[in-house]
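Input: structures, listed below.
One chain, chain A, appears in both complexes that follow, with chain B as partner in the first and chain C in the second.
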Partner chain A sequence: MSKPFQIALGILAAIGGFVDIGDIVFATTAGATFGYELLWATVLGVVGIIVYSEMCGRVATVAKRPVFDVVRERMGFGFGLATLVSSQLVNLMTLAAEVGGVALVLQLLLGLPYRGLVAVALVTLLLSAWFLPFEWIERVYGFGGLLLIVFTVAALKLGPDWQQLGAGFVPGLPSHGTELLWGYFIVGLVSAALMPYEVYFYSSGAVEEGWKPPDDLGLNRLNAGLGFGLGAFLSISLSVVAAQLFLPRGIDPEFLGTVGLGVLNPLGQIGLLLGLLGIFFAVTGAAIDTCFSGAYNLSQFFGWEWGKYQGPRGAPRFTLTWIVFLGLGFLIILTGVNPIVVTEYAVVFSVVAMPLTYLPILLVARDEGYMGEYANGRLGNVLGFLYLGVIAIVALSAVPLLVLTNMGQG
Partner chain B sequence: MLVLVAAVGVLSACKGGAMTPWRLQQDADSLASIAADGELLAGETAKGESTGPFTTVHARELRQEADQLADVVASTEPDPGLARPTAQLATTARAAARVLRRLEEHPGDEDVAARVGDRLGAIADRAEQIGKQA
Partner chain C sequence: MTERKAIDLGLGVLDQELVDADGGRCGRVDDLELIGGPGEPLRLTALVVGPATWAARAGRVGRLAGKLYPDGETVVPWSEVADITHVVELKKTDAELGLGEGDERARRWLSRLPGG
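Let's look at the complex of A and B:
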């Protein structure tokens, strides 16, 4: 298989984490509120997810154990169950938001009624998840999501202030907005990067693809570094466009349509269409990420047969679970809740599942008795513990900041 | 904790309550943002760059937001000295909604879009002025 196709798993997992429906609006709002000043928060998040996705991919490759297997084994039934419940709730909220997001972007493209398009979104997801092999899901939605690169072109066309942009990668106090709001956006950007379903999907995907040591360990590093790096790059591009176009005009982007203006203004109609198509692929890919993550988690926790590669007959409970999950997401969004608000809550509440997900990954990845010669080196351990600290800070501050800033409204 | 967060979310979405200087500033900023967003959209539509569905759908989103803001502002009880700017803000938000409806209903008319853009630019300026009275 050629190299570009081999990193499809990392790209799809990263697109789910960095440029799903909520993150697209969140990254744009961060740029429109703080300019370039929060770019470092995305970098902080992406290094964390690269570190942990590399670890969980390595564990999946060496031990054939995806993340939830590891969580269940290392944390015991009680903590495992708590992780399962919290992560499934976040998965379901995110999935519902993505289904609504697919409908929103289709509406901007086609102008048809929203509720009908929610049904179209459901059918699209069902057909894609049922008929497409795992590798083709990765390729279609992962690479389709890369159309979002049009936001990078838009950012360049708008002529960024390179000095200020560079300074944005150095942490500092805000010159716009309040400190609380600044904290809320930092927590949101870091949480979005470290959403647990990315590692559930990524590690299960490594098993689905049958990665084997030692050959595929390099592929794992490539997927983790390049895939998630690309996701972060796209997220940063969205923030840069917003910093240049929306901040000077005092626009607070609350709608997907405003994000579309970010490419329409500098690039015209073709930019708009490419941007909306990129959002369509990214959000649909994120929906499949979360849908499968829900089924992976439940199956791995209860020890059922799982895997898209097994087909519906080989893994019937896994298949039934993702179908039910998708149906529940559809029903939630039919109640009329705003998908963007739902996913912002999901990002913040994911902090509950974060420590319970990432701690067991670190414990297993550094365990020489378990991983043998493939256990973490010193750098992996240092970064792993450092990021557990970051995750703890994010987990403790997320809900208070959500309340104090009225969900980032100031 | 989740219940507390949900309660805060519900309360923050409620209408009415007191119109304080801080809230007037926030609501004026929101209206200025809606109007500036609409002005940008109208500008692209006037240049013939946007698509019909995109202009219609985004103008509708903004119009609904302006309508909702007008309802909420009009239902508040202003602090002393804020009655006039509060009423002005509600009226200006209604005007923004009316103008955005024209864009929503005529997404292919470049002349209408140009006029809507000018009007929304003026509304954004007006909202900023009202905010300064807070």
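Let's look at the complex of A and C:
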């Protein structure tokens, strides 16, 4: 396989996971509300997901164990089941939000009625997931999502104040707005970066691709670092555009269309088209990520045969699970709930599944009896425990902040 | 097994994946069947797989999950275990051991779809 394709897994996991509908909304709203002042929160989040996705990829490469394999083994049946139930609920909410998100982008692109486009979104997802081989799903949606780079171009063309922008990478209290709201956005940005389905998908993908030590461990580091780094870069670009365009005008980008307008102003129609296509690929990729994650988790927990590479006959319960999952996500959106609201809930509630997911990974990745020479080094352990602390703080404050700020409405 | 090696039942067998003679995953070890009273030698006689064991392992939630997925339990005699590696390897196929029903049922559903 040629080099650019080898990092497709990281790019899809990151584009789909990082700049999914939840992050697009949080990053843009954060920029529109606090300007550059929260850029550091995205960096805080991305370092965490790089640390943990690298561990998950390493465990999957060395021990051939994806995340839920490890969860069941280390946490036992009871805690494992609790982890499974909470992560599946979050997966389903996220999937529903992404299905709605795909329909919203299609509406902006085609101008047809939303409800019909929800059905189009479902069919697009079903056909892609059923007919495309795993590598082509990665390539089409991962690389397609890179079109979001037009937001970086737009951010540069608008001419940001570099000094202020640089200062945004240093944590500090907000210059305006309430501290509660500020806290809510930090929690939102950090959790959007650390959404557990990214590692479910990434680690299972590493097994799907048959990564082997020691050669593929470099590939794992590259995928985790470059893939998620790129995701963060695009997410920061969205924030920077919003900070320049929406903050001075007092616009609250609660519609996906407003996000698109961010590129229309500096780049014109072509920019808008490319930006919307980028969002389309990223969000569709995220929908496939979450849908497969649901099936990976369930299959791994119960020991069923799983994997897209096995085909429907080789892994029937896995296949049936993702189809049912997609159907459920579709039904949730069909009730008429606003996908943007669902996504905010999904991001905030994902903090419940986070400690349960990341703790067993850390325990296994640092276990020399298990990982031999490939166990965590000192840096991996320090960062691992540090981020477990960050996750714990985020997890404890998420729901109170959600209630106190009325979902970021102030 | 010619070479004797220590097996950690809690970490190396319980909750581990079962892999059949064809190399297919076919469930997880949900429970262990041990025989022997107090003061007697304790012998591992079988591995138990299936939702009927969940209630004992996860209380109310386990019982609920067991009800949602009422497949009872399958007992795999310890003599059918070929090896313990990072998974539990079995000597026979999933169908021979009664572990293949779930996949068969799902396959029947999928066969109605194009390409299934």
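Assume the second predicted complex is superposed on the first by the 410 of 410 C-alpha atoms of A that agree within 3 Å, B and C clash if a C-alpha of one lies under 4 Å from a C-alpha of the other, contacts with A are read in each partner's own complex, and residues count from 1 in each chain.
The rule is simple: contacts are C-beta pairs under 8 Å (C-beta built on N, C-alpha and C of every residue); 3 or more make two chains touch, one makes a residue touch a chain.
Here the structure is a predicted model, which means the values were calculated and not measured.
In the superposed model, A:Arg65 lies in contact with chain C only, and not with chain B. Shared-chain residue A:Ile251: touches chain B; no touch with chain C.
Touch criterion met: A:Arg313 reaches chain C, while chain B stays clear of it.
When both complexes are overlaid on chain A, the residue A:Leu264 reaches chain B alone and has no touch with chain C. Once the two complexes are laid over each other on the shared chain, residue contacts for A:Glu73 go to chain C alone; chain B is not touched. Looking at the shared chain after the overlay, A:Leu109 reaches chain B, while chain C stays out of its contact range. On chain A, the patch touched by chain B and the patch touched by chain C do not overlap at any residue.
Those residues of chain A lying in contact with chain B across their complex are 107-111, 245, 249-255, 257-258, 260-261, 264-265, 268-269, 272-273, 276, 345, 349, 399, 402-403, 406-407, 409-410.
The touching residues of chain A, when paired with chain C in their complex, are 63-65, 69, 72-73, 76-78, 80-82, 85, 130-131, 301-306, 312-313, 316-317, 319-320. Chain contact summary for the complex, chain B toward chain A: residues 1-2, 4-5, 8-9, 12, 26, 29-30, 32-33, 36-37, 39-41, 43-44, 49-54, 56-58, 61-62, 65, 124, 128.
Residues 11, 15-18, 24-28, 30, 54, 57-59, 61-62, 65, 86, 102-104, 106-107, 109-110, 113, 115-116 of chain C are the ones touching chain A in the complex.
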